[in-house]
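Just dropping this structure here.
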Amino acid sequence: MRADGRKYDESRPVEITTGFIKFAEGSALIRCGDTVVLCNASVEDRVPPHVRPGCGWVTAEYSMLPRANRERSRRDVDKLKLSGRSAEIQRLIGRSLRAAVDMRRLGERTITIDCDVLQGDGGTRTASVTGGFVALALACRGLLEQGLVKAMPIRHYVAGISAGIVDNVPMLDLQYSEDSRAMVDLNCVMNEQGGIIELQGTGEGRAFTAREQQELVALCAQGNARLIQLEKNILGEIL
Amino acid sequence: MRADGRKYDESRPVEITTGFIKFAEGSALIRCGDTVVLCNASVEDRVPPHVRPGCGWVTAEYSMLPRANRERSRRDVDKLKLSGRSAEIQRLIGRSLRAAVDMRRLGERTITIDCDVLQGDGGTRTASVTGGFVALALACRGLLEQGLVKAMPIRHYVAGISAGIVDNVPMLDLQYSEDSRAMVDLNCVMNEQGGIIELQGTGEGRAFTAREQQELVALCAQGNARLIQLEKNILGEIL
Amino acid sequence: MRADGRKYDESRPVEITTGFIKFAEGSALIRCGDTVVLCNASVEDRVPPHVRPGCGWVTAEYSMLPRANRERSRRDVDKLKLSGRSAEIQRLIGRSLRAAVDMRRLGERTITIDCDVLQGDGGTRTASVTGGFVALALACRGLLEQGLVKAMPIRHYVAGISAGIVDNVPMLDLQYSEDSRAMVDLNCVMNEQGGIIELQGTGEGRAFTAREQQELVALCAQGNARLIQLEKNILGEIL
Amino acid sequence: MRADGRKYDESRPVEITTGFIKFAEGSALIRCGDTVVLCNASVEDRVPPHVRPGCGWVTAEYSMLPRANRERSRRDVDKLKLSGRSAEIQRLIGRSLRAAVDMRRLGERTITIDCDVLQGDGGTRTASVTGGFVALALACRGLLEQGLVKAMPIRHYVAGISAGIVDNVPMLDLQYSEDSRAMVDLNCVMNEQGGIIELQGTGEGRAFTAREQQELVALCAQGNARLIQLEKNILGEIL
Amino acid sequence: MRADGRKYDESRPVEITTGFIKFAEGSALIRCGDTVVLCNASVEDRVPPHVRPGCGWVTAEYSMLPRANRERSRRDVDKLKLSGRSAEIQRLIGRSLRAAVDMRRLGERTITIDCDVLQGDGGTRTASVTGGFVALALACRGLLEQGLVKAMPIRHYVAGISAGIVDNVPMLDLQYSEDSRAMVDLNCVMNEQGGIIELQGTGEGRAFTAREQQELVALCAQGNARLIQLEKNILGEIL
Amino acid sequence: MRADGRKYDESRPVEITTGFIKFAEGSALIRCGDTVVLCNASVEDRVPPHVRPGCGWVTAEYSMLPRANRERSRRDVDKLKLSGRSAEIQRLIGRSLRAAVDMRRLGERTITIDCDVLQGDGGTRTASVTGGFVALALACRGLLEQGLVKAMPIRHYVAGISAGIVDNVPMLDLQYSEDSRAMVDLNCVMNEQGGIIELQGTGEGRAFTAREQQELVALCAQGNARLIQLEKNILGEIL
C-alpha cells in the first residue's frame, strides 16, 4: 500500500485540458496527480538546415517554472545556462514526439512543443511526453482541417510513464516522495502497439537485473496503454 | 462602444484563483479578460547585501511563456538574454510591491514574486502587480500565522491597471487589439487610499497634454479601486 | 535653499558641446551640473525586420562607464548581462527620440544613439534624452545637407528633465544627493509644444497624490522649455 | 558480415593507455576502434553543497574537440552554450561512475572525470564510461596509496557499450557508419556482476519490442563482461 | 614627409588632463593626436586570491565606445563576449602597469585602471598605458597623502608608444591611416631608465629583420623618453 | 646547467606525429618535452566578410584541456567566457600562420587551426605555432593534390620558440619550472629566412635592455632554425 493509497501497479489520476491557451495551434494542460505541465504546440513554416527537402521537423523545449517545486530555483536565464537536466529531458521529449509523426506528410514545417512545468511532483518528463503528444496531435489536426496538409501527419499515438523500485517493490508512476527514495528509476515511452520508443533506466541506489528491468517495462506498458486510451478518448481515432 | 462591448471606463472581468500552486508560500492565478498570469511568492531567509540590517526585501521576476502570444517567441535562455521589455517590467513590479510592505516587520527575509504570463492579451504588467500583490499578501499572512513575524508586514493594498487613448478617446484597461492602436498608453499602480505608487505614460503615436494625462489617471483610479475591493474580498482586511 | 544654492524650481547649468567625437554622424557631450554624458548618433543603411517598408528606425543604447559613480561597478560584459537599470533606461531614451522623428522622411535607415555616462550625479537618463536629441538632430541635418533625405526628418524638439519631492518640497532637476533622499521621483520628456512624450513617476518612499504629480509635471515643463530653448540656440530652427 | 568484418556480436578492439597525462590523479586514453577519448580524473578537497557530510562526490564533463568528427563543429564557448547532446551525455557518465564509488570511503572529496573526445567514430559516451572508470580507479588507488583514504573507495567495476538494430539485425558496438543507419540504438552500463546501472534505448527509425530490447541488453552484457575483464587486467583486483 | 606633416621620428602632440572624472581615485584623459582615452584608477581594499599576503594587485580593463571609430561597432555586452582584441590589449596594459608598482608598498589593495577609448585614431593601447600610468600614479599619491600607505608605491615611470614600417620607412607613432598600411607594427612600453617592459612586434605584411626591429625600438625609446618627461611635468618627481 | 640537464641554448626534444586525427585535412600532435598540443587544420569553403574577393583566410583557436596543468581549471564554457589568456594566444597563432600563406593561391577558403593543449609544461603557444604550421601545410598539400588549388599556398615555413632570462642567464625554450621563475620572457615566431613574424617580450620581474632583448632573439633564431629543419624533414620542400 502506497502513501496515497494506490496499488503498486496503479497510476495517478490523469486529466488533460485541451485548448488551455487560445493562441497556440495545439494546447494541453496535463495533470498527473500533483504534477501539472502546460504543453503548447506552435507551427512555423520553416525547418532547421539538417532536415531533408520536403520533410518537416518536430522539436521540444522543457522548463520548470521557478516555483514548481518545494524550493524556488533560479531561472535559467538568470544563470545564463539551460540546466543540464532540462537539456536531457527536452531531448527525450523531442525524440519521443518525432517518432509519432510522418515527416513527409507534415511537409516543410517545424512544430515546437513547449512543455512548461507549473507544478512538479514526479514524472514531469513523461507527463510532458503525453501532454505534448496531445498538443502535437491537435496542431496536426488543425493543419489537416485547414487543408495545409493532405493527410494526418500523426502515424502513432505516443505516451510516457515511469516506474521504479522502492523498498525492493516495483511500482508504477512514482510521485516525488517515492521517486526520491527509489533505488531504480525507469522511464518508458511507447506507442499504441506497445512498441518501445524511448527507454531510460537508472540504478541510482543499486544496479538492477535484466529481469527487474523487464518487470518495470511491463508495468509501464500497462500504464501507457491506459494513457493512450485516454488520448483516444480526447482526440478520437486519428491514425 | 468597444470591440468586446465594454464601455470606455469599464475594465475587463477579473478572476483571481488563490493557491493555484501548492508549494509556493503564496500563489495566485489572475485572469483579466484573456490575460492570464501565474503569480507565486517565495520566502527565503536571506537578503541581498544592500539591505539594511533587520529589514527585509521584496523583488519580482517577470517572464512570458514562449507561446503566451499570437506568435511564438524564443525563450530568453535560448538567446542568453533577459529581454529588455521583461527587465523593464519586472523592475516596475518590484518597486510597486515593495511599496506595499513594511520591511522592518518583514525582518531579514526576501520575498520573490514570480510572474509568469501564460497568456497575454494586453495589460500583463499591471495584472502582474495585482496578482503579485495577492500572492505576496498570502505569503505574509503565512508568516504571521506561523509566528515568524509579529505583525502583518503588509502596509498597503496595491493594484495596477492601464488606460490609453484610442481614436482620441481615453479608455480604461486596454486589451491587445486596442493597445496596438493606442496613441497614448499609461500604466498606473495605486494603493487603497488612491495614492499613486507608479505612473508610466508613453506617447507612442503622439504627445499628450497634462489634461489628458489627468483623465487617464482618473480612469485608472476607478479601475484600481475596483481591483482593491476584489483584493479585500479575497484576502479580508489585512492592514 | 538647496545644497548647491539653487532655488526649488531652478535647474542645474547645462552645457552641450557638439562634435565632441569626429567620426559620429552626430555627437554631443552634455553636462548637467556634474552629470556628463557623451551622446553619439550613428547612421546605418538598414532597418530591423519589424519596420514598415520605406520607413526608418531610431534606437538608443545607454551605459555607465565603470567609474562614473562614487564606487566602481563591474562592466556589463564582465557579468555577461546588460543591467536591468540600463535596459529600462535605454528603452525610455529610444521611445523618446523616436517621437522626435518622421520615419518616412528618414527613409530606410537606422539611427542609433549611444549614450555613455562618463560621470553620473543624478538625472543621467534625462540628460541622455536631451543630449541624444542634439546628436540625433545633427545626424539628420547631415543627411539633409548631403541630399540623402529630401526634408528634415526631425518633427519635434525633445528634451527631458526630472523632478522630485524631497523633505515634502517639490524640486526640479535633482542631483544625486537629493535624489537619494527623494520620496517621489518623476522623469518627464516633452516636446517644443509642451506635449508630454514620456512620464515616469515612482513613489519610492511614499505614494503621491494626483495634485503632487501635477506640480512635478509643471516643474518639468519649465525645465524642459529652457532645455528646448538651448537646443534651438545650438541647432537653430530645424522643424 | 559487417563493414569492418566483425561478427554481429563482436566488439571493436579496445586499447587503454594509462598515465597518458602526467598531472592528472588518474589518466586513461581509450581507443575503441577509431573512437579515441582522453579521460582524466582530478581530485579536489571540497564537495558541492548538496552532498551529505562525510561523503564525497563524483562528477563528469564530456566534450568533443572541434575536429573529432568528419566536419568541424564550433566550440561550445564560441556559442556560449554547452551543447544539449554533451549535457545529456555527461549526466549519463556522472551517474554511471557514481555507481562505482562508495562515497563514505571517498570522504569529503570531489573527483571530476573529464572525458574529451579526440576522435569520434560511434560509441563515444560508452567509451567515456569505460575509460573514465579506469581514470577514476587510478585516482582512488592513489588516494589509498597516499593514505588519504582508509579503504579503496571503488565498490564496483563499471563499463559501458552500445548495441543497435541495423537492417533488422541486432549488433554490438556500432561504429559511426552503422550507427547512422541504425533503427534502434541502446547504450548499457553494467558492473562486474552483470547488474545494469544505466540503460538508454531509442527507437530512432521505428519502435522496438520488449524482446528486441532484451536481445540488445544481452549483447551488451557480453561486451561489458569483456571490457570489465580488460579493466581487471589493467587495474588488478581492486574491490 | 607624413600625411599630417610630421617627421618620421616625430610623435603626435600629447595632452593629458588630470581629474577629468571627479569620483575616481585617479583620473586622466589623454589625447595623442585624434586618439582620446579616458583612464580612471579605482582603489579597492581586496585582492584576488592568487596574490601573496601583504601584497597588492594592479589590473586593467580596456574598451572602445561603440562609435570611437569610423564605423559603429556593437557593444561587447550585446555580443556577450569581450572582443579578443580588447582581451589582448587589456592584458598588455595590466602587465605594463604592474611593472610600475611595488606591490608590498601598495599593501592588500587592488587598483583597477579602466581605459575607455572615446575616439580611436591609432595607438590606443599605448595611449592607454601612458594615460593609465598617470591615473595610477595619482591614485597612489592619494593613498600616500591620506596616510594609507607609508611610501609611494610607484617604483618606475612607465609610458608606451608604437612604431612601424610604412613604405619601407620606419616611423614613430603611427596614426590610423599609416597603421592600416604598415607592413610591420611594434608597440613598446618602457620605464624612465629606458628599460623595456613590453615589446610586441608583428609582421603583418612581411617579416622583419633583427636590425629593423632594433631601429623601431630605438624610435620608441625617443618617443617614450618625451612621454615620461611629460609625466614628470604633470606628476613631479614621485619615485 | 638546467634542471633537466639542458645547456642554456638547447631546446627540448621535439616530436611531431602527423595524421594523429584521421578526419582533419591536416593533423599534427607536437611534443616539446612534456608540452603536448594537438593541432588540427580544417578547410571550409567560405571566408569571413572582411576578406577580399578571391582570397582565403587562416585563423586559429587555442584551448587548454581542463587537466592539462598541475591543477584542474574550469572549462571556458562553464564560465561562459573564453579566457583572456587563450584569446591573446590564439590571436598570436592566427597572425603567425597567416604570414605563412599566400591568400590568393589559397582562394576563397578558410583554414582553421585548432590547437588543443593536452599537457602543458611551458611554451604551449609557440608549440602551437610550430605544430599548427605542420597541420596547415598538410591541409594545403591536400588541396594541391586534389587539384583544388593550382599552386602550393604556403609561401614560408614558420616556427615559434620562447626564450627567457632566469637568474640573469638568458636561456632558450623555458619549461614551466623555469618559466615561473623567469624575470623576462620572450616569444619569437620566425620564417625559414630568419625573418621575424611575431615578437612578444615581457619584463615580468624586471625591465630588460635592448641588448638583452637582442640576445634572446638570437637564441630564438637558433631554436627556430632547428624547428624549421624538422618541419622540412617531415614535410619535404614545399615552397
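Letters A, B, C, D, E and F name the chains as they come in the text, with residue numbers starting at 1 for each one.
In this text, contacts are C-beta pairs under 8 Å (C-beta built on N, C-alpha and C of every residue); 3 or more make two chains touch, one makes a residue touch a chain.
Just so we're on the same page, UniProt names per chain: A, B, C, D, E, F = Ribonuclease PH.
Model, not experiment: these values are computed from the prediction.
Identification of common neighbours of chain C (Ribonuclease PH) and chain D (Ribonuclease PH) yields an empty set. Within the contact network of the assembly, the step distance from chain D (Ribonuclease PH) to chain E (Ribonuclease PH) comes to 2. The chain with its Cα centre farthest from the Cα centre of chain C (Ribonuclease PH) is D. Among the other chains, the CA centroid farthest from that of chain A (Ribonuclease PH) is the one of E.
In this assembly, the C-alpha centroid of chain C (Ribonuclease PH) lies 33 Å from the C-alpha centroid of chain E (Ribonuclease PH). The distance from the centre of chain E (Ribonuclease PH) to the centre of chain F (Ribonuclease PH), each centre being the mean of the chain's C-alpha atoms, comes to 27 Å.
A separation of 50 Å divides the Cα centre of chain B (Ribonuclease PH) from that of chain D (Ribonuclease PH). Across the assembly, chain E (Ribonuclease PH) contributes residues 80-82 that each touch 2 or more other chains. Order of chains round the ring, counted from chain E (Ribonuclease PH) and going first to chain F (Ribonuclease PH): E, F, D, A, B, C. Considering their complex, residues 20-24, 27, 34, 38, 40, 42, 44, 61, 63, 65-70, 72, 75-78, 80-82, 112, 114, 116, 118-119 of chain C (Ribonuclease PH) touch chain E (Ribonuclease PH). Partner chain F (Ribonuclease PH) is touched in their complex by these residues of chain E (Ribonuclease PH): 80-82, 84-85, 87-88, 90-91, 95, 99, 156, 186, 190-191, 193-204, 206-210, 213-214, 217-218, 221.
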